[in-house]
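Each structure below appears as structure tokens.
In the two assemblies presented below, chain A is common to both, partnered first by chain B and then by chain C.
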Partner chain A sequence: MSQKSQKEYETILPEEMIREIDRVSKLKKFDEKKREKLTKEVQKVYLNSAFEPGEAVGIIAAQSISEPATQMTMRTYHFAGSAGMQITLGLPRLIEVFDARKEPTTPTMTIYLKKEFNDQKNSEKIAKKIKEKRLKGFVESVSLDLTNKVVKIKLKPEYEKKFEKITEILKLKFKKYKMMRRHSVIDVSVEDDIEIKELQRIKKKVLESIISGIPKITNTVVFNEGKDWVIRTLGSNFEKLVKIEEIDFYRSYTNNIHEVAETLGIEAARSVLLSELNSILEQQGLEVDKRHLTLIVDIMTFEGAIEAVGRYGVAGSKASILTRAGFEETVKHLVRASVRNEADNFNGLFENIMVNQQIPVGTGMFDLIVRMEDE
Partner chain B sequence: MTEVFMDGRFVGETKNAESLVEKLRELRRSNKIPDQVNFSYLTHQDTMFINTNGGRARRPLIIVENGTPKLTSKHMEDIEKGVKKWSDLIREGVIEYLDAEEEENAYVALRPADITKEHTHLELDPTVILGISTSLIPFPEFNRGDRVNFGSKMVGQSIGLFLLNFLRRVDTKSNIMVYPQAPIVKTHMHDIINTEDHPGGQNLIIGIMSYKGFNMEDGVIINKASIERGLFWSYLFRTYETEEKRYMGGQEDVIGIPEPGVRGYGGEDVYKHLSEDGIADPETEVTSEQIIIGKTSPLRFLGSLDQFITGLENVRETSIKLRHGENGIVDRVFLTESNDGNKLIKLVIRDLKRPELGDKVASRHGQKGVIGLIVPQEDMPFTKDGIIPDLLFNPLGIPSRMTMGKLLEIIAAKMASLEGKSIISPPFHSIPESELREKLKSFGFSDDGRENLYVGETGTKFQERIFIGSVFYQKLDHLVSNKIHARSRGPTTLLTKQPTEGKAKRGGLRLGEMEKDALIAHGSSLLLKERLDSDRAKLFVCKTCGLFSVEDRAKNKVYCAVCGDSKATPVEISYAFKLLLDELKSMLIYPKIVVKEE
Partner chain C sequence: MIDKVVFGVLDPEIIRKMSVAKINKTDLYDQEGYPIEGGLMDPRLGIIDPGLRCRTCGGSTGDCKGHFGHLDLTRPVINVNYAKLIYNILKLICRSCDRILLDEAGLEKFNKGRKSLKVLRNLIKTKCPYCGERQKKIKFIKPTTFTEGSAILSAAEVRERLEKIKTEDLTTLGFKEVRPENFVISLLPVPPVTMRPSITLETGERSEDDLTHKLVDIVRINKRLKENIDLGAPEFIIQDLWELLQYHVATYINNEISGVPPARHRSGRILKTLTQRLKGKDGRFRHNLLGKRVNYSARTVISPDTMLDIDEVGVPLSIAQEITIPVVLNDKNIGHIKKLILNYPSWPTVNYILRSDGAKKKITEMNKEEIAEKLEVGYIAERQLQDGDWTIFNRQPTLHRMGMMGHRVRVLPYKTFRLNTLNCPPYNADFDGDEMNLHAPQTIEAQVETKLLANATLQIRSPRFSGPIIGATKDHIAGLFLLTGNKIKISREDVVDIVRFCNFEIEIPEKKTFNGKELFSLFLPKDLSLEYKDKSDTVVIKNGNLVAGSIGSKGMGAFKGKLLDELDKQYGHSFAKRFMFDITRISLEVLTRYGFSISIADLDLSPEIDKKVREVIKKTERNVDKMIEDFNKGKIKAIIGRTTRDSLELSIKNMLADILNEVTSIVKKDIPETSIVLMAKSGARGSIINIVQAARLIGQETVKGERIYIGYHNRTFSHFKKGDISLESKGFVTNGYKQGLSPFEFFFDAMNSREGLMDKSLKTRHSGYLERRLIGALKDLKVEYDGTVRDSSKKIIQFIPGEDGLDPSKIQKGGINVAKIAERI
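Up next is the complex of A and B:
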């Protein structure tokens, strides 16, 4: 192959594909001529599968997802009892992802472990370690001493060895309160004179305090997955999890997209978003072309932060006033545009449909320009 | 302490409500308290209720004590002999009526076999769990629950003989079947509601087989000769009504043939059906939008001087037309007086509806279908006895829906028609399948209900034996002739200039949000524009202020009413958008249109 033509192809085909062509030609022992023929063929297919200019990719993507979504309302699958945890799936989860909720209804993490800890004993130990434990789990009974304004917390006798440690943690956590331990009873008191209501509040606060584990992780389950021992958690806290040494950071996963965006950045969030959508649809046995999903995911992450699809996200940031007014919160957009003296340039689809003009899509996207000088 | 309420009013407190209720019930059962009083103790809210007032729905149940129902075979014998009556059972404390509140304390067994020590009552019969429509379905316990549900829904839509005095009635709309039949396979409910007088369908010979693919996807094929014999014929009666109203100032409507010159006069041809009194005579054939009652009314909103103007200019035409898309024959005319003493006319139009392609039919098992083909009798399959099915039903409708009740009804009806009398098979006490099979066999037929059929066109035998028998079918009130509708041009709404909606208003079919999306997805932007320009308007936009200019066609002039300028560009936009801009202006938002110069 001549040096020039190779460059020509390289500009069209992605690197990955050229590498693949190289691999195949080496494997099949192709000569230069055959290789070039293959490259040309690949290029043809590649160009054929690309969208044409003027194609309404957004609408096609929306249709390609909504059609199977209507199917999903009709048959919502339940995986009762599997893996011991209930995780939101199907349409509710799909809506949740598109809405870019700050916290999923059932946040979960899938944790893989480093090679040296990848066995049953260690995984169970880690699972136990990361599960959040609140003080109320160690408590046998609580009573209020109303005359002296003291909360008396009696710990369960089976945790005798941990009494000292629990008190230490509590002292660290609540520097404002006085902690006194006499055997299994911890007295919590405040120096100032307080009301009984306040005492009740302190009682609640202390009982709900986390003694050990990672906050928000309410449950953990260990199961075997081929070679690996995997911990699945209910509740997600990716930021804290990443700091645990035994964890294989590169394979561990959370379904909380915002956490990923905060800890690992927007590109990682994009890829988690994509894999979440993919797995939701796959679990329901639906097939949606990946390119539709990538388009939506790209738009949702385009601004550098995760944007929802709805009124406060993608649809709300459209350029045209009329389109936004036509979607939701009509008055808000119209009044704002009027006060700020904004102009609608009629470049988009929906505003042109409103005034019944040719829409800039497909056949309506192109103009004929006569080149006067070439006669 | 438990609070006690009597008929919703607080009457006192008791320490042991449970035993009190128990004691009171005991007294009621031994006739010391009237049997119409109900006692209940609701544990979850710790209150006791005594209800004696009217308007409570109550139902009878057999009392169960220590796991044995109080109703014995001795009672049954006495009732059969006529020694005892229903009221005796209530008096003896065998049966009692419970209201909704006392039912909360009861534990009711459905069948005698289900009774345990804890049960307090027993249903009279398991069939009481079914309503009237559902009780009209034979063999429902062999069908899947949802199908029974669909079936009873469709029983209510069937065209039959709902009343015998329909010729004297003036219902706005009623359907009457021409040759209705009582079903061959009945349930106990058919006799209770007197089906013989009010049947809702016909008994058809049904063959469960495919025929050239015209009965796929819930289609059914109907024998043309059966239709010619009167199968599924029905009449649609529709009443048109008008009143000769009197108005203030001594003016009144006039029923009669409108004279030429009246505002809105339709031309002589339109009034051809009217006789001298302005009403069409019985047995006149009328078609869509023809006038059946001629009427003129005085003009509304008369000015102060206008009311002195007499003559034709002051009268407008308000005749009653036949609805759009409907035909028929004037069946009868009623002339009476309204409550105000005005002349009231009710005119009934009758239209014969013979079954046609697209009409909906259904058996009683939630098995609905649409007529897909009408086949001449000579092309239909036949048995060796010369039996030709009225209806061919696709076998693919059976496996997924699992309506075994329909198959049993077919065998039962086949057996009954051979026997020469209809059979009664109430739900949960159905005639066993073995009995049906045995009897069918005794008549010389195969006990599985299948027979050899021969191809109508060629006379060759079908390879497979076909399941054939009789079944009760209903014609449902969803006839194509009442629904078919199309429009090319037509009326528009005043406000938006968009086409009207609905068949009665000759409306268009909406190209909705999703259809719009489909056109965008195809990239066919010019087609989309064409589809949506039903309300396009040519307007002028002022070049200075960007608002709509006034077009004075009489003077052939365009000028801006706001800035007085006469420079304006013509634009073509949807009228709905013009309305939007008008509304914005009314809300003090200034939508300035800047037109690009071409």
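Up next is the complex of A and C:
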């Protein structure tokens, strides 16, 4: 161990602050002695400003989020002015994040492009390319031939050049069905005898099939952001998009936390969760210290999977039976505990409040023992 | 100290052992009105009537917590809460030999993997590996019926099967110390009467508890079933009665089973049975166990009093005389307490004396001398609240910890709690009828903690955003802004008068006249230098002198006050408290001396402004008309992924958003410096936009973020043409509140306001539940002695709290400023 790192090891300061001390010392051209003095001084301030053992950081964090939540708007707002995409924001979005829903009501992605594609022409091209296009967008009219059990799909004449390709894609997608194209009309039929109801189902299935683009991306907008050309999408499909060559994978972003957890892992999901919370609060003009958000984000992810804040998530998986019974679904938890012969060890807050005991937090965390002098 | 509670299922044997009475009679009382032995109000089960003694333990009401009895059920019944579980077990068990339907190899495999009944269900065989019996399909018909193949499995049969399961198989199934046959009830514990007290109405009639009613039903059907069996009644009658017994026991346990009609009282009211007692917001858990009522507290209306310090609370005399604090007598304080007792009935005195033998004596005019004479060391005197006692003051909803703070008592006349207006932001209080609560801590530990931890002085900095939450608001800021502006000149006499109004220590320099900035600077520490940007100008403080700029909400205000933030950090909470107290009093004094009022004339705009605004509105109207025309001609270009109609709507909306800003900037530039403008500029109340909306232009009204579209078919009023999308018909208000609105405009404005009201009431519900959930998830996280954040089962959530270990209520925004510390070296 070198001398320098030895010293760093000795101080209790977080790494970031030590870096800051180094930076300032260099700037002010401090010598070794002065630097040490500075470190000592900073350490003193740090200790005075640090959390004390027993501090109920959880409660403080919860209050710090929910107190400003009362001032949030319920409404959904438009995004990015002229583009006019509607994105859920404010309190509904905050609740959604804490619920850890599988899919947000308005999933959206922000896509940055690699250097060589970072211009208007390319970005618009890509935006067009990734937007999902369903067959119904190419169709002029559809009719059912009930005697022969055939769905007749007539394509719009302006896509004439693409007729061949569309048919190919459909053939690949629906290997079970027979596809026949005569100029602009595609006949879809099945070999077996089927009911008309089934035919209707086939019609719907074929019309809704995606011809090109990436599934779930329902809309895209390109706009300029300083040096960058950015694509905002409605709908999110992180896994597929990230594989597109032109996209700068390192900067692109989605608000679908579960997608991130699946593709990049829990740590990435954690930081997306954090930046989502941050942007919701920021957009509403509310100030909440980042430290509180990190705690909430950590408890939502520390088990290795995203857990909701609520009865099916963090609060429902607490160790104490009485705490869970006191939160929601009282009887369910009591019955379950009785079957397993479980015990409640009274380590948490609610259990102790229930039986009028001091809570093991803050000044209730320790006991005092008086040493009586020998008589 | 309770340190463990174990949950389990009661065995019939234990129920019998703890039972003090066998219950088998359906009547509760005899003709004389005395409880019948063997009835449900059996005197051995405990007592509820004062004056009587318990037949079992001899205790009186309060001492005797009651005793359980028991009821032998003629035929066993399923416990509804366990029915699903019983089904899950039955499916895994052989119908003839009662072993788990899994051979040894399978068992081994299961024991290695995840142990859940769900996994096991996928492994089991249809043919028993032990006895070769082919299994029949078991079905569960909610709530309590089981069928096997086509035959019904009776509760007795179910119980029999469960009884025969071997202990080692139970361990495999995940049961410990619990026999599954106990999920089928054969012996019903009868709860003590203290748990279901009857009340005597004024008419002398007795009204029984819901549980008693339900138990009577059970006892009666149970008896009838027994009689019928003994008489050898036909099977179908016995089956019917058995089912009825099952129904009654099921609803006794839970009266909200889906698919089962709830048991009702004679009056038709649905009975509240065991599950209902525990469940939900008004259940035992959330209502009684997690929410407790307390003594030594008071509640009344609040009113402002700027003469009180931040950490004081004005307590009405009548409350101070009621609330007490216990004092243990010793040889040092016995004389003082004696004096207090003799002072009766005037405040301050002692209300009660607790003798060492536990007897409690109320002090009266008659016995005060006698009690004062007989005082002994070790007695406890409950003395009345006095000036300087530490209490906890609270306003609901208590959304953050600053909603409960420690304050010193100041006993005052009249009937309201008084608090300094600086305390309004943390409590979110105003004086339009708000009430607040006061709690007097009883133990010395609690009193010390109130003073050292909850103290309002220590709560100046909010942990939410690391800024001051106690700070100037409204009038304070208007006054300060006026004072530190450039207009006010004060003579030395007045300065002395104003300063000595709150502070006797400050030296006032020999000078004939002072300007406002100089007066303000008197209170600043002499080594303070600070520079920050306010709304309109830059505020510069050099060596304790306010050199430039006026102090507004960004300087001294709660939430944003930069100066306040700096003072609190550099000179400590106590200094910040004192400074705030002094400066706000000065500010209010300035307002009273120099006057401050607003009038409708403050909103008068010059004809030039009016002309400009009119032009802007006209221009926008023309533009919109042109756009609509273009649209009708099909000339409008659609935004990608939108229809042309949507695109038109969007561009109109964007244009309307701009018009209000344009008008605001016109008004802002030319409006005279009236009081109302001063209020907006200083940040005391309102904004420039509010002024513009009142004076000249409200702008576009919206519902759900869209221009108004609700009303008639394709139009908002029948006075417009169908499909009209012009500004006027879609809720654009071209007037300000002062000028008055046209009838259409008025209605649109009302729509917008109503939406705001609905939004607000919905929001409180949602955010309230969000808070409950967050607390539920995070409540037992705390910083341990090793510096990590852990939950109650000691799992580490964070290695360093908040990633850098800093407490946001102890730092300025952004953390520790190393460069600033370096400057000092």
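Note that the second predicted complex is superposed on the first by the 347 of 375 C-alpha atoms of A that agree within 3 Å, B and C clash if a C-alpha of one lies under 4 Å from a C-alpha of the other, contacts with A are read in each partner's own complex, and residues count from 1 in each chain.
Just so we're on the same page, a contact is a pair of C-beta atoms (placed from the backbone, for glycine too) under 8 Å apart; a residue touches a chain by one contact, two chains touch by 3 or more.
Quick caveat, the model's predicted, so the values are computed rather than measured.
Enquirer: Quick check on the superposed pair: does A:Pro53 touch chain B, chain C, both, or neither? Answer first, second, both or neither.
Expert: A:Pro53: touches chain C, not chain B.
Enquirer: In this superposition, which partner touches a larger number of chain A residues, chain B or chain C?
Expert: Answer, by number of touched residues of chain A: C.
Enquirer: For A:Val272, decide between first (touching chain B), second (touching chain C), both and neither.
Expert: After superposition on chain A, A:Val272 lies in contact with neither partner.
Enquirer: Per the contact definition in the header, classify A:Ile130: touching chain B only (first), chain C only (second), both, or neither.
Expert: After superposition on chain A, A:Ile130 lies in contact with neither partner.
Enquirer: In the overlaid three-chain picture, which partner chain does A:Thr363 touch, first (chain B) or second (chain C), both, or neither?
Expert: So A:Thr363 meets both chain B and chain C here.
Enquirer: For chain A, which residues belong to both interfaces, chain B and chain C?
Expert: 54-56, 59-60, 62-63, 334-335, 338, 343, 349, 353-357, 360-363, 365
Enquirer: Over in the complex, which chain A residues touch chain C? Could you list them?
Expert: By the definition above, chain A touches chain C via 14, 16-17, 20-21, 23-25, 27-28, 30, 34, 37-38, 41-42, 45-46, 48-70, 72-78, 81-84, 91-92, 94-95, 98, 131, 219-221, 287-292, 294-296, 298-299, 302, 309-311, 313-315, 318-323, 325-328, 330-331, 334-335, 337-351, 353-357, 360-363, 365.
Enquirer: Using the touch definition up top, name the residues of chain C that touch chain A in the complex.
Expert: Per the stated touch rule, the residues are 1-9, 81-82, 85, 174-178, 254, 275, 278-280, 283, 285-286, 289-290, 292, 399-401, 445, 449, 453, 463-467, 639-642, 646, 650-651, 654, 704-705, 759, 762-764, 766-767, 770-771, 773-785, 787, 789, 791-798, 800-808, 810-811, 816, 818-819, 821-822, 824-825.
Enquirer: Enumerate the contact residues on chain A facing chain B in the complex.
Expert: Residue list for chain A touching chain B: 54-56, 59-60, 62-63, 334-335, 338, 343, 349, 353-365.
Enquirer: Please output the residues of chain B touching chain A within their complex, sorted ascending.
Expert: 516-518, 520-526, 528-529, 532-533, 535-536, 572-574, 576-577, 580, 584, 587, 589-590, 594
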